[in-house]
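Shared between the two complexes below is chain A, which pairs with chain B and chain C, respectively.
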Partner chain A sequence: MKRYLYIIFAILSLNSFAAQAGGVYLQPDEFINQVFDNAPPKARVLWLKKELKKQIADILDHKYKGLRIRYWQRGDGDNRKSAWILEETGKKEPITTGIVIKDNQIELIKVLVFRESRGWEVRHDFFTDQFKQAKLKKDHRLSQTIDNISGATLSVRAVKKLARIALLLDQTIQNETDK
Partner chain B sequence: MTNRKPKRFTAFLWHRRIGLFALVLIITLSVTGIMLNHTERLDLDETFVSNAWLLNWYGIQPDENPISYRVETQREDQPVNHIISAWQHQLFFDDVAITTLEQDVHGAVGVAQFIVVALDNEIILLSYEGEFIERVSTSISFSDIQRLGMKYERPVIETSEPLYYMADEHILDWDVITNEEIKWAQPYTLRDDEYQQLLIAYRGKGLRLERVILDLHSGRIFGQWGVYLMDAAAIALLWLSLSGLWVWSSRRRKMRKKKHYQKHHRN
Partner chain C sequence: MNKQSMITKVLISAASFGLIQPVLAVTDEEFKTLQEQFNQLAEQVDQNSQTTDNATTVGGYGELHYNNLNSSQSPSDKTMDLHRFVLFVNHEFNENIRFFSEFEIEHAFVGDNNDGSGETSKGEVEVEQAYIQFDLDDNTRANAGVLLIPVGILNETHEPPTFYGVERNPIEKNIIPATWWEGGAMLSGYYESGFSYDVALTSGLNSGTNVRGGRQKTAEATADNLAATARVKYTGINGLAISGTVQYQDDMTQDSNDSIGSATLIETHVIWSVSDLTLTGLYARWDIDGSGATSVQKDVQDGAYIEASYKLNPKLGIFVRQNQWDNGGAGDTSKEQTDIGINYWPHENVVLKADYQAQNNIAGDFDGFNLGVGYQF
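Right after this comes the complex of A and B.
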C-alpha cells in the first residue's frame, strides 16, 4: 500500500513540477546585455514591407501582428551580429525567444519566457543547440533538421518558425545595407 | 366481439413513444457531435458569438470598469480624437479590440506618428488608424512605469523612483529629463453611448462558438438539469437500439410463425 502511495505522490510531484516549469528564464534586456557583453548597441527597427510581411506570414501560417520589429546589431561585414527578440504562440500563449544571427547562421537561440503549461522542454540546451549554424534555405526552411520533442510538438514548431523568421529578417537588413 | 384486450405496453409502443420524446435531443446530440468533430475546419474555436441573449445567458459581463484615455491624433492636418481603453486584459482602440494585456495601463497619448500606450514595463505603439505597430519592453531603460505624458510631441514616462524619461522621435531610445512642462495623460470617463459600444466590443470576444456547441452537446447550456436531460437522451438512444432489436426480432418470429402456419394449414 505504502509503495502505491509513493508512486502516486511521485506522479503528482512530477505533474506539479511540469506545471511550474514555465516562466521567465531570462529577461529580454538581460539577454541583449549578455549577447553584447553588457554594452548593447542602440536598438534599431525594421519596418515590415508588404512582401516581407507576406513571407513572415507564410512561415507562421498566420498574419504577423505588428508593423515593425526591433533589433540590435553590431559590426559589419563578416563580423556583423544581430539579435532579435521574437514571439510566437505555441498552443495558446506566446513563447518569447532571443535569437542571435552571425554570418547568416544562427549563433544562439534561447527561450526567454515560456507561458504555456506544457512543452517547456524547448528551453533546454539539448534542443536549442540543434539550431546552431543553421542557415535559411531558398524556400525559407532551415538548412538543418531539428528533432521533435514528444509532448512539445507545438512549442518545437513555434521555436523553429521563430528561427526561420530571425534568419529572414537578418537577410533583409543585410540586403538593405548592401543596396 | 372478442375478449382480447389490446396490449397497451408493448415494446413497440414504448419504442415509438421514447423515439418521439428523444427525437429533438438525439438530433441535437448528433449534429453538435459532428460539428465538434470538425471544430478546426468549421472555425468553431475562432468564431465568437455576438447574440445578446446568449451572451447574457452565459453572464459575459466584465467585472471591472474600463480604464480609458482620450488621445488626439492628426488626419490630413485635422485633429481627430480616439479613445484607448483597457478592459479586463484587452486593449481597445475606440471599439476595436487590438491586443491582449498582461499588465496594467498607466496612460495613452497621441504623439508625432504614433499612439503610445504605457503599461507596467512595456509600451505599445499603435498607428493613428489603430493598427498594432509594436509591443516594446522598456526594462532595458527603466521599469515600474507610473504615468505617461507628453512633451514636445514626444512621450514622457514617469517611473516610481521618480525619474522622467523622454523618447526620441522613433521611440527607440529614452533620455532622462526634468519634470517640467509635461502634459500628463488623464483618465477619461466614457459617455454612456461610448460605454455601451465598448461593452458590445468586449463581449464580442467573450464567447467562442465552440463553447456553445460543446455545452449544447453536453446539455450544460441549460445548467445541471440540462446534463441530466442529455443523459436521458443517451439512455433513450440505448433503449431505442435495444427495443428496436427486440421489435425486429419479435416481428421476424411472428412472420416465421405466420409463414409456417400458411405452409402447413393452406387448406
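Right after this comes the complex of A and C.
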C-alpha cells in the first residue's frame, strides 16, 4: 500500500496545484479582446429569422432555442472579420467555442470553456488547426475533412457543428449587408 | 353580416385606432426606453435558452437487442433483451468541481431473488460511475469516487451509437473485463504534444482466476489489496490514437494465505482513421502468479481483435471484425468469433444495427444474426 501511495504522491508532485479555472481556458471577453487587438468593436446582434433558425437546427440535429446571436465585426470587403462565441453540448455538457471568420473561411477556432468529463483533446491546436481555411459548402458541410479523435468523438462532433454554424451566420450577415 | 357582428367589428376598429394613436405619438425618449426594455426581454429569453445556466444535467443511453443464434453444441439462443437502460445525472458545483454519475439497469427487470419461487432475477441495478472531478490546473484533473478503469476502448465510451456491432466485442468483455468500474482516485493529465496520462489507485478484483467474475462492483468490495492502474495515450496526429494500460494488483484473491498471487494486466490499442475508413486493433493480456493459477492453466489469459469499418455516408457504416481470445483452462481453449454488419444512424444519437456472427466450436459455435436499436441523449 505504501508503495502505491508513494507513486501517486510522486506523480502529484510533478503537477501544479494552483487552483485555476481549469474548465475555463480563456474567458469569452478575453478571446474577443485578443481577436481585435484589445480594441474590440461594439457587439452586434443577429436576429434569427425562421429560415436561418431551421438551418441552424439542421446542423445541430436538434432545436435551437435562442432568438438572436451576438457577434463582433470589423472591416469591410476582403478585410471584414467576424467573431462568434457559440456553445454546443458534446456528451453531456456544453462546450464554449470562439470562432473567427474572415473572407468566408475559418481563421481561428478556440475552445474557451470545456466542461465534459472526457474529450478535452479538442481544445489543443493539433485539432483546431484542422479547421483553418475551412469554408461552408452548399449543403452546409465543411469544405475539408476534420479527423476524429478516438475517445473524443462527441466533442469533435460538437466543435465541427459550431464551425459550420459560425460560417453560416457570417454568410448571413454578409448577405444582409450586401442587400 | 348580422348586426351584432358588425357592431363588434366597429368597436374593435375604434379601440385599435385608439390604442395605436398613443404608440405613433411616442417621444424619442419613450421609444428608446421601449427599445431597451425589449432588448432586456430578448436578453432574458436568450439567457434562459442557454444550457450553461443549468448546473445539473441529465442524459442517458439504452439498447435493445434481438439475438438469433444457433449452435451445434447447445440450445439455440433466441432472445429479446433490453440489455441496458442508463441515466446520467451530472452537476457542476463551480468552474473547477463537477459530479458525474451513471445509473444503469441491465436486462430490464430486477426481481426479488428470495421470494421463495426459486427463480433468479436476470437483471441488475448498477451504479457504474459516481465521482467528483477536480480541475487542478488547465491540464490536470483529479477524480475521486466510483470510476471507470482507464483501459481499452469500450470501457469508458460505450454508448451504442459510438461503436459497431449489436453486442460489445468479446475481448473487452471477457479479458479486460468491460464494463469495469472500481472505487478510488485517479489523476489525469494532458499535454499539448498530444500525450495524456491517467494513474489510478482503486479497489481491485476478487475471484482468483475468473477475471470477469472478479469484479466487485464497489458493493462492500474487499479492499485488502488495492490495484494500481496507469495509462498513456497519444492522439497528437490527426486520425491516430495509440494507447497502453498497465494494471497491477498484488493479490488477485485479496487473501495472502492461498496459492494465487499477484496479477498484471497489459492492454494496448491503436485506432487509425483516414477519411471514412477506420482500422482498429486491440490486445489485452492477464498474467496471474501462483501455483493456484498455473495448476488450472489460467495463469495467462489474453485476446485480440482487429476491426475495419467504413462510412458509406454520414448515416450508414459497415464493419468486419475478427476476435480471438483465451481465458485458459485445460485443453484447447482458444476461442474465435467473426462479426460482419452495418450501423444505420437515422439521427446522430440513434442507431439501428444488424450483424452476423460466426464462432468456432470452442467459443460455443453460436452462429447467427443480431439486431439492435440504441440511443443516447
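Operating definition for what follows: the second predicted complex is superposed on the first by the 157 of 179 C-alpha atoms of A that agree within 3 Å, B and C clash if a C-alpha of one lies under 4 Å from a C-alpha of the other, contacts with A are read in each partner's own complex, and residues count from 1 in each chain.
FYI, a contact is a pair of C-beta atoms (placed from the backbone, for glycine too) under 8 Å apart; a residue touches a chain by one contact, two chains touch by 3 or more.
Quick caveat, the model's predicted, so the values are computed rather than measured.
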Answer with first, second, both or neither: which of chain B and chain C does A:P40 touch in the superposed model?
first
Is A:I32 contacted by the first partner chain B, the second partner chain C, both or neither?
first
Tell me the contact category for A:V24 with respect to chain B and chain C: first, second, both or neither.
second
Answer with first, second, both or neither: which of chain B and chain C does A:G66 touch in the superposed model?
both
So in the superposed three-chain picture, is A:E121 touching just chain B, just chain C, both, or none of them (first/second/both/neither)?
second
According to the contact criterion defined above, which of chain B and chain C contacts more residues of chain A?
C
On chain A, the footprints of chain B and chain C overlap at residues 65-68
Note which residues of chain C are touching chain A in the complex, please.
42, 45-46, 48-52, 57, 59, 88, 90, 92, 95-96, 98, 100, 133, 135-138, 140-141, 153, 156-157, 162, 185, 187, 189-190, 192, 194, 196, 199, 201, 226, 228, 233, 235-239, 241, 243, 271, 273, 275, 347-349
Seen from chain B, its contact residues with chain A in the complex are 99, 127, 131-137, 139-140, 170, 172-173
As the complex stands, chain A meets chain B at residues 27-29, 32-33, 40, 42-45, 65-70, 85
Chain A residues touching chain C - in the complex, by the definition given at the top
1, 4-5, 7-8, 11-12, 15-25, 61, 65-68, 87, 89, 91-94, 96, 115, 117-118, 120-121, 124-127, 130, 145, 147-154, 157
